[in-house]
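First the structure, in the form of structure tokens, and then the observations on it.
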Amino acid sequence: MRALLRRAPLAASTLVVASAVAVAACSSSGSATPSSSSSSSGSGSSTAKTGLKIFVIPKNLGNPYFTTADSKGTGGALAAISALGDSGTETSGTAATSASQIPAIQAAITKGANALVVSATDPTALCPTLNGAIKRKIPVVTYDSDAPSCRSLFINQASTSAIGTSEVDLLAKQIGDSGEIGIVSAAASATNQNAWIGYMKTELAKYPKIKLVATVYGNDDPATATQVTQGLLEQYPNLKGIISPTTVGILAAAGVLDSAKYRGKVMLTGLGTPDSMKKYVSDGTVKAFELWNPANLGYLAGYAAADIAGGTLKVTQGATFTAGKLGQFTIGADNTVLLGPPTVFDSANINNFNF
Amino acid sequence: MGPGEEDGHRSPGADAGADAGEPGSPAEPAPDSAAPAPVSRSAPAGTSPPEPAGTSPAAPVDTPSMDSPGTPPAPAAPVNTTSPDSPNTPDSPNTPDSTATADAGTDAGAPVVLSLEHVSKSFGAVRAVIDGSIELRAGEAHALVGENGAGKSTMVKILAGVHQPDSGTLLVNGQPTELHGPAGAIGAGIAIIYQEPTLFPDLSVAENIFMGRQPLRRGRRIDGREMTTEADALFARLGVRIDPGRIARGLSIADQQVVEIAKALSLNARVIVMDEPTAALSAVEVARLFDVIAALRADGAAVLFISHRLEEVFEICQRVTVMRDGRHVLTSPLAGLTTGDLVRAMVGRDMPERVAGERGAPGAVQLTAQRLTREGVFTDVSFEVRAGEIVALAGLVGAGRSEVARAIFGIDRYDAGTVTAGGRQLRKGSPTAAMTAGIGFVPEDRRQQGLVMEMSIQQNVALASLATLRKAGIIRASAERSFAADWAVRLSVKYGRLTDPVSMLSGGNQQKVVLAKWLGRRPSILIVDEPTRGIDVGTKADVHNLLDRLAGEGIAVLMISSELPEVLRLADRILVMREGRLAAEFTQAEASEESIMAAATGQLEAQER
Amino acid sequence: MRWETGLVVVVIAIAIMGSSLSPQFLTANNFFNLGLNNGEIAIMALPMALIIISGEIDLSVESTLGMSSAVLGVLWADHWPMLAIFVVVAVVGALAGAINGLLVTRVGLPSLAVTIGTLALYRGIALILLGPRTVANFPTIYTNVGIVAIPHTDLPYSIGIFIVLAVIFAIVLHATPFGRSIYAMGDNAEAAMFAGLRVKRIKTTLFIVSGVASALAGVLFTFRLNTAVQDNGTGLSLDVVAIVLLAGVSIFGGKGSIGGVFLAVLAFAGLQNALLLTNFNQEATGLVTGGLLLVSVFVPNAAMFVRSIRRAVTRMTRRMPSEPALSMPRKDT
Amino acid sequence: MTATLAPHREPGSPAPASSRRLADRVFRIREFGIVAVLVVFVAVTASIQSRFLSSTNIQFILVDATIFALLALGETIVVISRNVDLSVGSVLGLSAFLTARLASNTHGLPLPLVFLAGIGIGLLCGIVNGLMVTIGRVPSLVVTLATLYIIRGADVLIVGGGQVVPSSYYPSFLTISKATVAGIPDLAIVVAVVIAGGAYWLRTYRSGRELYAIGSNPDAARLAGIPMGRRVFTAFALSGAIAGVAGVLWASRYGTVDSTAGTSYELQVVAAVVVGGVAIFGGSGSVVGAAIGALLLQTINSALYVLGVSPNWDQAIAGFLLILAIVLDRLISLRLTASLRRRSARRGA
């Protein structure tokens, strides 16, 4: 938990070079918000260690969402890490299970990681391993999916309640505050999904004429999600709207609704990436949906991990730091940093986004 | 049929073949009658004498004609004497016509259609064929005889294209030829009827016959109707009625063999190899097959006929090639030879006579089968075997003998009846119960059922006695070794090391290992199924002596054997099975080859009527 | 050369490769992790070896593991005493194996088809039992199997259990009538039956043992991850089969040794671990597992393979009508 | 085949046409059995939830079943020859991703070429399988188990964390799986024609019959001079190519393709084939049966969703059905053998 304060003598000299490279990288990539990447508050960047080994461990490899969040090319976690002069590696198992993720975490520790950036497949399963890391003074930053009792800092993509309530509000507006709706979720065991759904149900109390008839699970598999959506539509012929708080689910649901029979009659909203949803927004299948920028989420997590490992950031509530292009963030209660409110995409703005 | 160059020889025969091919030509509706035509394998003496009297009295037995194919020892008989209608005569073997047909085959002037010259073939360390030669002429039925293990099957597989010879040449029409696989053999005009039917159980009978050569119609599609018609024609030629549309699964062994023969006929091959084609056939079917062979010969085809029944060889063949220990021994016209000559050539010395001394009177009943029935396999089989006697189960292949033995030992279940051994009624379907009751079982198929070929000699000997060789659940290696060594010595097994794989042993020594495995359990009842099949003469005598001695020591022996001399030599009582039922029982004094065969083929009942 | 000798060479080669690529490879801590991640697979490989030697296969082990894990989770969430749960889980594993065994021996079905069916069925039962739930918070003394080494060693408990079981299995397979029977029936089931060996009973027993071992693996898996979830163990069957084939056990039955299995576990775990420690692309571990499997079956066939290619080449150069190599791998008699 | 259960009988005794009829009947029962189960199942489901038979739902089921039926066609060809192809799911995945990329706006490959590419990718995988089975003489179970891993590994390596999303296709690609004629998806019609073609080939061409022969008795097939290597190789190549096409259809149907497409499909396909009455050890069965098997499994799947049964039951039911199918198959064939035996016994007596 304690930030590393020891400093390598070489660090200062290399920092200058590293910062310069970082600036060049950021400006040349034509980032939308070119802010000063070299400045960061707190204990001051001039003392930061560089050349650290930071491992980014998503739930699994081969998952497009995490690829966006982690990759250097998209401006994700690895971009932040290299911008700070450290070396980042993405590793994980190929299946999104704890049994497949844990060996990767162990190997990262064995390889002498200075910090870990982890999206937890299963908090209870991961905790012994992550605690082992913390015991060795390796800071653990979780992102996307938290492991509350065994990490230094959690980068929260969006407030759970905000996502739950905003999606209900979005759909309510589209269906005129009344009718049957259903939810197409990911895996039934997914913590964040269930948390969002919980807030949705609370928010639905405000709309007495809207009735949530079913929650189905597509397991983040396009084929399964397609089939469960079909089943939902057949079982509830009067269905007015669907909320799918998962990028795979909303795409599959949009594919099912993309026909004369349903277009404009069954509304769909949820979490989706603007790139993948452009087709359905432009042809009117989907009016509006929302998401945070996964690359920014990764970038923030990578930046925070590098800062903590480099000794420039101490994890205490209220501490602030500037994460390069993203600007300034404050560590909130329970050592959590909030990325910001999700963006709502609709036909008016969707072409401005590219992720 | 063959290419045109043989027209001169073929013309009369071709007519005969055409006649034989007529569906209506089998003159008598004999197949349906319970009493078959008076064709008999049990009376070879009736057929063979006319042949020496016929044409070639002076063929020297020990002249291997392969060495001088140009100067055959047999005087030529003109092909033209062949009566065109002789194959149509149902009782042909006994008619003068058929004698003439047989003589025609000794025509030395007929072209050699196929020959294997000095071929050898080894499988690893085993030299299956060392120096094999065969020469087949158009229009002859040529016998290949030899003991099991003499290399006959390997020769067949070489002709079939399954094995490529290590050395030596194959000449087809005088041209050196290499057969690349079975398709190559078929392409070269060689058809094989295998000893064991090789059918596709899931496919229809017609497809089984024409697989790979189905008649086609437009667009290279299979013409199913034509296929059925052709299959029907073939069966008519063979005088049997099998529905070409039914699937092959469930066919009786005899029907399977008939389908195999039809398959070979459909190839219109110039060389037809028949590896023990009659083993599963009844007398009527054998007669029909011989007619077909005669017709094939008349068509100018060459038939290589392999059989252990020497009387059949004398009945149908003109020349014979004898092999022993992988080597060619002689090739000669059959005329002038006697069965004794052939046997001598096959075994290299005279057959030993019965060595057994007198056994005492049998003791208490050890094994009782009572009204044993397995639906569709055997019915109402009752008998008992006493301590110190050898009871033989005789009968044709497929009569249900082995099946009864399997049921007694618990390999198969049975639907009704009881088995009592050592005074206790046995649980159905439990070899363990049978073994506990003191039964040992030497099965029919040594390689497939008797031995675990990848295991060592020692492990095979110990396999049935493991329970007695362990201490605290662990097999004691030393006990196992001495146990195996003890029994190997007692049965005089010839081996290198006890840890050698049992597959390295010769057939006879393998059989001794199987016997050792069971004798090691000190059984009170021993069932032996074809105990000397495919083993050399010396070991055969050893096995006979051993069985005799075991009976003398008070063991009850139930023996199944298709070799009548063996049955007559060893058994105190002989039970004959026919079509799943006990047909007759003889004491040793009453029994003769003729009486047993008559009972086995149903002629006994016919006579009684 | 014996297969096991070859495996020793492979294991040494992997050790050398691993330690030269990563200085952390030959450390106690890494060995602990390596063992921990492969303990369950190793335990399941032992009965799998016996089953394959006997001429059958059990593809359902991963689902039996998952089902046991689900039972454990459900009962624990229901506040059952842990000892009672262990008994139930063992019975569930035995039942799962018995169903496989009886369908194979009594109904006479091919084990491949049966265990593909139960692979789906047992996983399905896990899914029914647990649904979307995750059961966690097992008592620390149990979850310690995933954290703590056996006192005075660097070995995780699962590996300790594996070693003990390996010794027992080795004795049973190599030195008892039961084991001898397994070889005999794998080599020639008919001859084994004619020798009075209780082929059906022994095979059923093997499937039951496999079920119980998978249940044990399921318990260890659940405790190690402190999580009972329906998809525990997904995909492990193929790893287990790959290890057993790598061990030199013939897919046709009748050949193989527990020593080989032990070495194959080392080779498999070592290779996976070495790949993790180096910067090998983790996404491609499937390539390595599959490749390993292929190599282990190709090596014994290599001579034949070369021969058939040579024959094909000669034939082509002779411009003979080509006769394709026969496929079905069968012993010529 | 050597284990014959019938005793010797006099030849030419009453023509066994009756046994043929019996055999025919039993095998008809095998296929009609599945159809009957399908009909009953649909009827029961529809009586509970009438919308099960709505035209959209039928379309949904047909399109989903189409992909499985296609895979089952290829698998049947392989299984008939006493082999198995476990790599179809991985081949589908690889083909789906690569062809989806080709069909995207950036590449804009014309549709026929996209299909050709799919066939090519699948064919390549099938050829590798076929070569290892025939020339390498490794049992197909092991070979395709390995390529299941390897092809998926290659897929993951190529795809990485990428994905293709519906927005990136040119429009006609996504409509492949949506167009209908008289309420029936075009796709289902085309695939039905393809399956009918496959069935016709297996029934009326030598090469097709030879596959049955190889599966029924490999030793006999070799002795009959059947080019076993070539036939088995062809079966694997076909299975691969068909899986490649199925990959294209998958991409069109579900739109979103990442590296997990088609994971664990192999077991469902084998299940469909076995449920459809194809003997797992080769020699008998039909592609039509397998296709109906695929349709049945898909219908059950869909019915569970429509009836609102927890999808948690899905897998257990599929597994149970698979076991039930092979047990029934076994019992029927035992019955058939026994009754053929008794028949010939009665004639013989």
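So that you can tell them apart, the chains are marked A, B, C and D in the order they are listed, and the count of residues begins at 1 in each.
In the analysis below, contacts are C-beta pairs under 8 Å (C-beta built on N, C-alpha and C of every residue); 3 or more make two chains touch, one makes a residue touch a chain.
These numbers come from a predicted model, not from an experiment.
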Chain pair with the higher count of C-beta pairs in contact (B-C, B-D): B-D
Chain centre separation (chain B, chain C; CA means) in Å: 46
Distance between the centres, which are taken as Cα means, of chain B and chain A, whole angstrom: 78
Cα-centroid distance, chain A relative to chain D, in whole angstrom: 40
Where chain C touches two or more other chains at once, by residue number: 131-132, 283, 285-286, 323, 326
Junction residues of chain D - those touching two or more other chains: 156, 160, 219, 222, 227, 259
Sequence positions of chain A contacting 2 or more other chains: 61-62, 94, 217
Touching pairs among all chains present in the structure: A-C, A-D, B-C, B-D, C-D
Complex interface listing, chain D residues touching chain B: 1-2, 4-13, 15-17, 19-20, 23, 204-206, 209-210, 212-213, 215-217, 219-227, 279, 283-284, 336-338, 340-345, 348-349
Chain D residues within the chain A interface of the complex: 49, 51-52, 54, 56-57, 60, 64, 156, 159-163, 165-167, 174, 178, 250, 253-261, 263, 301-302, 304-308, 311
Complex interface listing, chain C residues touching chain A: 22, 24, 27, 29-30, 33, 37, 131-134, 136-137, 143, 146-147, 221, 225-227, 229-235, 272-273, 276-277, 279, 282-283, 285-286
Of chain A, residues touching chain D in the complex: 61-64, 66-68, 70-71, 94, 214, 216-217, 221-223, 226-228, 230-235, 237, 248, 251-252, 254-255, 258-259, 261, 273, 275-280
Residues of chain B defined as touching chain D within the complex: 31-32, 34, 160-162, 181-187, 192, 194, 196-203, 207, 211-212, 214, 216, 220-222, 224, 239-243, 245-256, 258, 280, 282, 284-285, 288, 375-379, 396-400, 579-580
